[in-house]
Structure formats: structure tokens, C-alpha cells
Amino acid sequence: MDLAVTAHELTKRFDDFVAVNGIDLEIRSGETFALLGPNGAGKTSTMRMVSTVSPPTSGALTILGMDAATHGREIRGRLGVIPQEDQLDADLTVYENLTTYARYFGQSWSEAKQNATELLEFAQLTDRADTRVETMSGGMRRRLTIARALVNTPDLVLLDEPTTGLDPQARQLLWDRLYELKERGVTQLLTTHYMDEAEQLADRLVIMDGGEIVASGTPSSLIAESTTAEVLELRLADDQTLSHDLPFRTEVLRNRVLIYADDGAAALRHIRDLGVEPNSSLIRRSTLEDVFLARTGRQLVD
Amino acid sequence: MITNTFAVRAIVERNIIFFRRDWVILVAGFFEPIFWLIGISAGLSTIIDDIEFGGELVEYTAFVAPGLIAVSAMNGAAFDATFNFYFKLKQLKIFDSIITTPVTITNVVIGEAVWSVLRSTAYATSFLILTVLFGLVASPWAILIIPVSALIGFSISAIGIFATTFVRNWHDFDYFSLALQVLFIGSATFYPITVYPSWVQVVVQFTPLYHGVALCRSLALGTAGLADVGHLLVLVGFTAFFGWRANRRLEKSLLA
Amino acid sequence: MTSVSPRPSSVWHVVEHHAVQTRRTLQTVLLSGFLSPVFTMLALGWGIGSQVDDVSSLGTPDYLHFVGPGVMIGTATLQGGFSSLWQALAALRWEGMYKNVVRSPATFTDAMTGRLVWMGILNALSSVAFLTVLLIAIGWSGFGALLTPFIAGLTAMSAAAGVLAFTSRKESGDGFSVVARLVLTPLFVFSGTFSSIDTLPSAIATVIKFFPTYHGIEVARDLINERAELVPSLLHVAVILAWIAVGWALSFGGFRKALTS
């Protein structure tokens, strides 16, 4: 199988802090692969190593068939990087951001201008071409950042927390653009701490915590392996307690109790039969959030 | 695959695109040394008789003018290598995104330096033409002031970028303004270096602008000699050492 | 209907507010308002002074006596003028400082007046430090010299007021560097700072007499050299005060629009 990225025992250490602790990764060409985990899990450090701007402390890293340690420039020529902070050139216009960036890949001015025009269309920013970036909304900046990353028609696109800080509408618009990229067969590696984003976009993912991979697979296989089909969420009054010998796995969080059962409605009946009437109850399907909780005992987003 | 030359050019182009809109800033920056030339030497030439330089007597204005050409070369480079460099590095963070392309940090440093040197050379050349028109230049060797101003630009740029890698916040640029003023006034621009006590003369040898002033002056007045080779080498040394250090420090911070 | 004439107590609150802020930017004052001009004065005073053949035409005992007051007032012009560019724009448009002022009983005129008074005080204070160095270098020259920080403060206020008339109408910093380089620098250099104004090209000399810096330098130089006469000095000061008044009046509209709409 054609692999876009392989990492073996990849490690990144800053002085005595281990950001990434010997992880293995195999990302296939054409797939969308996510690194899911809370802040500080080592996602961004991994991403920076893959974009060849951060040399690994140890381990092997091959990107698009080339060794990251020796072929950085060649690799970067075929990557599209969407950093967490947009890092756009706020002094320039939207159009100039794209053309100047295209030049960094060695494109002629005519190529650069043609690419810029096409990408403005893709990012739905054509009518903003001459706007100074300074004055644009967060959602538009993100779309421009994505357009910029595509200026060299990359084989691998890296997205670091692509929708952090965006409102729901801007988020959905961005997901649509990324889905379109996927349809075109572009390999995508993204980091996120939103489980819904990973579920929406990723074909496969790894869950990271404390610099290590705690689980990997497709979103549905991870859910199937680590948790039940449904979850019953209860809010109890202060004086209410649940008995400890329920026939379900339970997680007690700060202000609610999660009860893992394949049939949430049946679980709720069971609890009512025990004489507990919760203040509120909600039955939902399991998500990657529950997988993370099951594997680490902690919540993804506090 | 992109070549280093192309990468450097791309960095320079970005600055040209930006300043195309703000060309007024470029033009305004050119006038400052000319004001000083008129303000100081026009008035003082009536009360200062000729100055002795290189064994010859030189009219005061002709003595000051080439020094101010060197100052204009310094001013041309200083702003882009410090304040604007910091703005791109820390505020816009565009270097972080540029290094994810095939362009390297060394390309960025050289490209930014080349841009500031273009500005230096443009200022110094325009100033040189003015001084020729006013009859303040005595020697055809003065044409070499153009490459010398580029070298002044490179050395200031290298030192400026190096110093900027230490900047923590905008307030630190107060020190830069002070340093520029001290270099401007103190580099024997307005009087011969022999005015200083000998220990100050030694200190001045360790500053870049003094050597630029000395070179421009002896080229304009036609007194160039072996000492000027020394001045040249010092400027080359400043450029090489601080350019190297600046590059290393940026690599360490950006490629963490 | 709020009164538009400034109330001393409210103005003083704005001054105090600025004073508290400046404690944080003391470094700027120390470096740009004191060390830089002191270096310039001493280097040029002694360096150029050693080359001057004909001191008598200066009308002062030596060149340091001449250039010292020039640099003092020139610096006050630069500092006052600069303070009304980006700093004033930030205070007026981006930071909440004056917006908070007008939410208190103080009005926009108090904010504006307080700002100018503060610039005067700040520059008078840094000029005291500058004067101390100058007097150490040239020796005690009589009590008149002690009035020069006051002249420096007024000159800084006049430059601040003049530039504020421009800045108060602006919503961005476009053109600020042009004002700095093509207005403030020439004022520093051409106001008879380094040689008698009569030795400059006559066109420059004519224009420069219209601006406050020249008048400030004349008074300060006369005071330092113990040759000040009452009436001419008062006339010079009157020009500076006129600039403050006109700058204040022309800033009025911009401040009102920015702070009360």
C-alpha cells in the first residue's frame, strides 16, 4: 500500500520534557488521518516534525517516500501546511498573500497569479481579493490559510487545529472545503481536540495523550471496541447517589453521570426501578469523547 | 526544485510588493541626512575654517557630506533589519509559515538583508548624486561609494537582525533608537576622529558606522589609501560574523 | 449640555492618570528624552566646538553654550511631537483610556488638555536632568538657566498640540512617519539649533520663525548665556503659547468626535 507518512519510534524532547514519546504512525495516501487529543498531548509537536520544521530527537520519519532528516526542502515543496495561528501576511492583500506564497515554491509569476485566482474561487474569497488581511474575519482568514496551503497543489496537507476559535457556521463551511479536498484525493493529516471534527473528517485516527498513542483505528471501530453503542447521561440532585453494583460501566463527572449501555432506554428504566429519579436524563450514541474517557479516565475538553 | 537565488528573490519581492503601497515612507526616510547636511554644515561652514583630513585642508561641508552618505546608508538598512524584521517575526509570524515552504531560514535572512541593502544603496546613491551636483565631491573614486554603501547596509543589517533576535517587546526598540543616534553623532561624522581622547578613538574602531564614514569620506575626497582596506575588512567582518550569528539564533528559535 | 471649557480638577486627574502610566514607560523617557540628547549635545558641543575657529560670531563663550540649549528645546519638540502621533492615536482610538475619562465627570476637553499638560510636565522634568548635565559641563551661569526646563515644557506642549490637531482627525497611522521625518526632524535641525538662524538659507529661516521651536531655542539660549531681556523673551514665549492655543483649538473637533459620538 502507498504510504504518505511513516513514523517509527518518533520522539521529541525539549530539555527534560518529552512532548512525543516514541510513536508509530502509518498514514495512507489519499486518506484523512487525525491526531485527536487534549492540549499538550503532543499533536502539534508531531505535526511540526512532519512538516520538517522541527527535527525529531530520535526515531525514523519518512514523508512521501523521502527521509525527513535529509530531504526537508524536497518534502516541503510537496506539503501544504495550515498552522494553528494563521500566520498570514497581514500587511498584504488576500491576493498578494497567495501570489507571494506561490513564489516561495519557485512558481513563475504567471503560474502564481493563475493559481491565486483559482484558489480564491475555491476558498470563496474572489470578491475579497484586494482586501487587506488585517480587516478579515476569523473564518475568512482560515479559508485563505487553506487556499494558501494549496498553492503548490500539495500531495499531503497538514492541518493543525483547523477550526479552533471559529463559530459553528464558519466551521461547517471549512469542513465542506476539506471534504472537497478529500474527494480530490489529497492526503490530509489533521490535529484536533474536537471529537466531532475527527468523526466528521477522519478516515482513521489515533488518540494521543501525554505524548503517546493510546488508541488507533477508524472512528467507528474505536467506538465499537472501547465503548457501548449508547450513553445515558444523568444529572442527579445533590443528595442522590447510584448504587455501585449497576450492571453498566459508569463514569462520574463533575456535574453528571455517564452510564454506558447498548440500550440507553433500558438502562434508564433500570435506574428508575432502583428508585432513583434523576433531575434530567439524555440518551445519545457513543462518541470519540467516550473512547477517550474510557482509555484515559479523563475528558478530552475540560 | 527552487534554488537559493530564487528563494532570496521571493523574499525581496514580498517587500517590494508591500512598499509599492507605502512608497512615501521610503521617500521620507531619504531626507533626514540631507536636513542634517543643510542644518549643520550650511551654518557652521561660516564659522569653521577648513578641516584637516588626510593631510589636506577640506571645506567643512565637503568634510561632512560623505559622512552623511554613510549615515543615509545606515538609516536605509536599520529600520527594515530591526523594527520591521521584528514585526514580521513576532507580530505577523510570517517567517514561521515561510519556513514550511522550500524557503529556508538562511534564505529569509539573506533576502531581508538584501532588501534593506537595496534601500540603503538607493538612499546613498541619491545622496551621492546630490553632493556631486553641489560640487562637494573631489574625486572620481567617489563612484565606489555606491558599493561601499551596500556594504554598510549589509553590516548594519546583519547587526540589526542579530540584535533583533534578542528583543523581548516593543519597548526594547528604545535602546535601538539610542544606539542609532549614538552611531550617527559619534562616528566622527561631524568632526575628525582625532577630536576624541585616545581611548574613545579605540572604542569607535569597534563600531560599524565609523568605518563606513571613513571610507565614504576618503573616496569622496580622493584620499583613499591602505587604511581604507582595513575599514573595508572590518565591515566585511561585521557582516560575516553577525550574519552568521543571526542565522544561527533564528534557526534555534524557529526550528525548535 | 456639558461645558467645553476644561475644569482644572478634572484636567489634573487626567494628568495623574498619564503619570501613573508613564511610570511603566520611564525607560523611553530616560533613553530618548535624556541619554540621547545628552550624548548629542556633548559630542557636538565638544567635537564641533573643537573645530570652530570664530567663536565670537556665536555670541556665546563656546559652542557648547550655543548648542546645549538648542538640543534641549529641539528634543522637547521631538518628544512632544512624537507623543501626539502613534501614542495619541492609540490612546484616543484603540485603548480605553480617554473613553473611560469621558465616562467620569471629566469631559473630552479635560482629556485633551490633561494630555498636553502632562507632556509639558514630562518634558520639563527630563529637561531638568538635561540641564543638570549641561550646567556641570559649562558651569553655573546664573538663575536664569533654571527657567529653561519651563521653556522646554512649553515647547513640548506646543509641538504636541500642533501635531495633535492632525492626529485627532486620523483613524489610522497613515502619514505619521511623514510628519515625523518631514516636519519634526526639520524643526529639530533648522531652528537655529546648531548655528545662528541667519546663517541658514533665507527661505528656511523665514519659514522656521513661524514655528515654536525657534522661539524656544532663542529664549533658552539667552537664559543660559545670561543675556535674556524681558520683552523679547516674552514675545518668544507668546508665540509658543499661541501654538499651544491654536493646536488645542484645532484638536477640539477631532477629540469631540472620537470621544462623544
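Residue numbering begins at 1 within each chain, and the chains themselves are lettered A, B and C in the order written.
In this text, contacts are C-beta pairs under 8 Å (C-beta built on N, C-alpha and C of every residue); 3 or more make two chains touch, one makes a residue touch a chain.
Treat the numbers as computed from the prediction; the structure is a model and nothing was measured.
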| item | value |
| --- | --- |
| Labels of chains that are neighbours to chain B and to chain C | none |
| Centrality ranking, top chain (CA atoms only) | B |
| Most distant chain from chain A, judged by the mean position of its C-alpha atoms | C |
| Gap in Å, rounded to a whole number, between the CA centres of chain C and chain B | 29 |
| Separation of mean Cα positions, chain B and chain A [Å, integer] | 47 |
| Whole-Å separation of chain centres (CA-atom averages), chain A against chain C | 56 |
| Residues of chain C touching chain B in the complex | 25, 27-28, 31-32, 35-36, 39-40, 43-44, 46-48, 50-55, 57-58, 175, 177-178, 181-182, 185-186, 189-190, 193-196, 199-201, 204 |
| Residues of chain B defined as touching chain C within the complex | 24-25, 28-29, 31-32, 35-36, 38-40, 42-44, 46-49, 51, 60, 171, 174-175, 177-178, 181-182, 185-186, 190-192, 195-196 |
| Residues of chain B that touch chain A when the two form their complex | 1-3, 6-7, 9-10, 13-14, 17-18, 92-94, 96-104, 254-256 |
| Sites on chain A touched by chain B in the complex | 14, 51, 53-55, 73-74, 76-77, 79, 81, 83, 85, 87-92, 96, 100-101, 103-106, 148, 152 |
